[in-house]
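The structure appears right after this line, and notes come after that.
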């Protein structure tokens, strides 16, 4: 066990409780170590880094996934929900997605807004 | 002349003095109105919007252009320089670009960092 | 209200009656002004431009959305339907989509043809 | 009838019995010759080429479709199934898809693994 | 020799005299048959098809390559030049490229216009 | 120091001697830990995995980078050179790149072949 894995696990459990176990259960038999790799690299060596607040990291991820297009819609929704917990307002999320019309095209932005509306509706239901 | 065009022109001249005239000179004979369209839509109806600070808008754009890949390297450099003026530190820019390894792949992130290093070197020369 | 917004609104209402109101109803609370921005920029400053007939503009859009891949399938279907109203034959639409096998790959072209077949089936049902 | 078409047809029928007829039935009225074009070019002039074993060709295709992202999920599943018949183990397929996290991003790799799990589940049901 | 190859060769020689020989000289030792494959599929089975005039096919290709982004800049320039010979005016080419701001983003459209300006400048030098 | 980092460092030094130090020198002041992250994740947790031979991993990477398009040309060349050392013949590399015409489009495949020809020419010069 290493520092980056520990740090990643702490953050991953804080942000998405149970995610590592879920990845292990779903993919571990096929790709052993995948879950630890996600925890160590994506959380421990990226999201947990100092130098940029978590709120800004989610903002950047929402921007990128919107511009890359709707094939990552499931991940976009997860990150919109994560961004909300990290302090992004609905307005800020709407703004950054709509701005992506300039870089990923209008259809990408509209598809991104649809993902956001779904997340916000789920929030309201809770 | 309209409100969004006026607002866009004010912001465009503040951020990139002379850009509208340069667009008009280069593209206006081929696509009349292009420069005004950029000013009105990209600046007046996007970057000048309330709801998200300029610094955050640049952060999002740098993230998206990095993830979309190096074909937009010229625009990425322009936006890194713009983000610096809007208050992003070099560290924050390095962080957000490297984070894109997760979404656009490692080559995109490395290419994005190269663009950032070029911009920072130009800053140091000035 | 401006010339480009007026021109865009006229064209938007002719091509997609009620679209601006639908955009406003769905996204306006989250991103105020989005609907007017679409009308002004996409319709008033792009599709309503002289210099290229509407039929050709739809042809180009169908080509681009096919090559960019299936994440924009909803928008591709809207533009295939729009292209039909602007004078494109089914054969011409089939041809341009299949040609995209050369630029976006075979899967993109096949996915594009599937979108076209859905639109044509809806036409036949009407 | 030509050598490449004959060779392509033989391979296509071996790998996907009935595929040419299915393409003809679905798309032939709209794009005459599409099915023969797929058989001649994709099978006769690509997959049937000497110089790279079929197993390796499927490996490459699975890698590319994963990295390009989930819009080609239907084709990715077809090629995962094809790769299995050409001798790729589940482990090898899991490995190559997960490796694409480096090039197409983590979401693409996860989406690709989901496609693989669906194919493997269908295998187990048979 | 087949009908599609013959038809493709006739069109390829008309549009790009010497292209097949150039492909063969450059790539034939590495990928035998590549040149014939391009002639047969891209020209004989795509561009030479009835159902869509050559001018429209170039329009579609210019749209798609612009939206896909600048990594295909060499091919975009070739197709802009080809489109000029097939009857597209500079204005039409400028229009269709600028329209791609809606689908491939503003940077893609600007990069596409730069490619067009280079082609037009080469025309003026001749 | 961890098992995955050690394993990654051993492989990275074997395949690309000095690469970690070069990454550290170039990017370490801006993004501390980037070099170790590449070594640990890309080498230790991906390329060094059992389950798929190195030769196959390079084949997959060459396929993906070709299909993703020329913006990753620098990385494509590095991986073609790496694939050569891992046992891929020039013919196999030519084959897999040309096959990508089916998935990333003809321009991507031609651009990929150009990258390969450059690498092969550099080999011949050595």
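Miscellaneous remarks
We just call them A, B, C, D, E and F in the order they show up, numbering each chain from 1.
Basically, a residue touches a chain if its C-beta (ideal position, glycine included) is under 8 Å from a C-beta of that chain, and two chains touch if they have at least 3 such contacts.
The chain list, named the UniProt way, goes like this: A, B, C, D, E, F = Carboxymuconolactone decarboxylase family protein.
Everything numeric here is computed off the predicted structure, so don't read it as measured data.
Considering every other chain in turn, the ones in contact with both chain B and chain E prove to be A, C, D, F. Between the contact lists of chain D and chain E, the overlap consists of A, B, C, F. Among the pairs A-D and C-F, the greater number of C-beta contacts is found at A-D.
Mostly identical positions are employed by chain A and chain E in their mutual contact, as over half of the interface residue numbers are shared between these two copies.
Rounded to a multiple of 5, the Cα-based rotation taking chain C onto chain E is 180 degrees.
As a whole-number value, the distance joining the C-alpha centres of chain A and chain C reads 30 Å.
Our note on geometry: chain B versus chain C, Cα centroid distance of 27 Å, whole angstroms.
For the pair chain D and chain F, the distance between mean C-alpha positions equals 23 Å. Touching two or more other chains at once are residues 41-42, 49, 65, 67-72, 91, 94-95, 98, 102-107 of chain B.
The residues of chain D lying in touch with chain C in their complex are 26-27, 30-31, 34, 38, 42, 65, 68-72, 74-75.
Per the touch definition, chain A reaches chain C in the complex via residues 69-71, 90-91, 94-95, 98, 105-108, 110-111, 113, 116-117, 120.
Residue ranges of chain F in contact with chain C, taken from their complex: 67, 102-107. Within the complex, the chain A residues that touch chain B are 41-42, 46-47, 49, 51-52, 56-57, 59-68, 72, 91-92, 94-96, 98-104.
Within the complex formed with chain A, the residues of chain F that make contact are 2, 4-5, 33, 37, 40-41, 45, 49.
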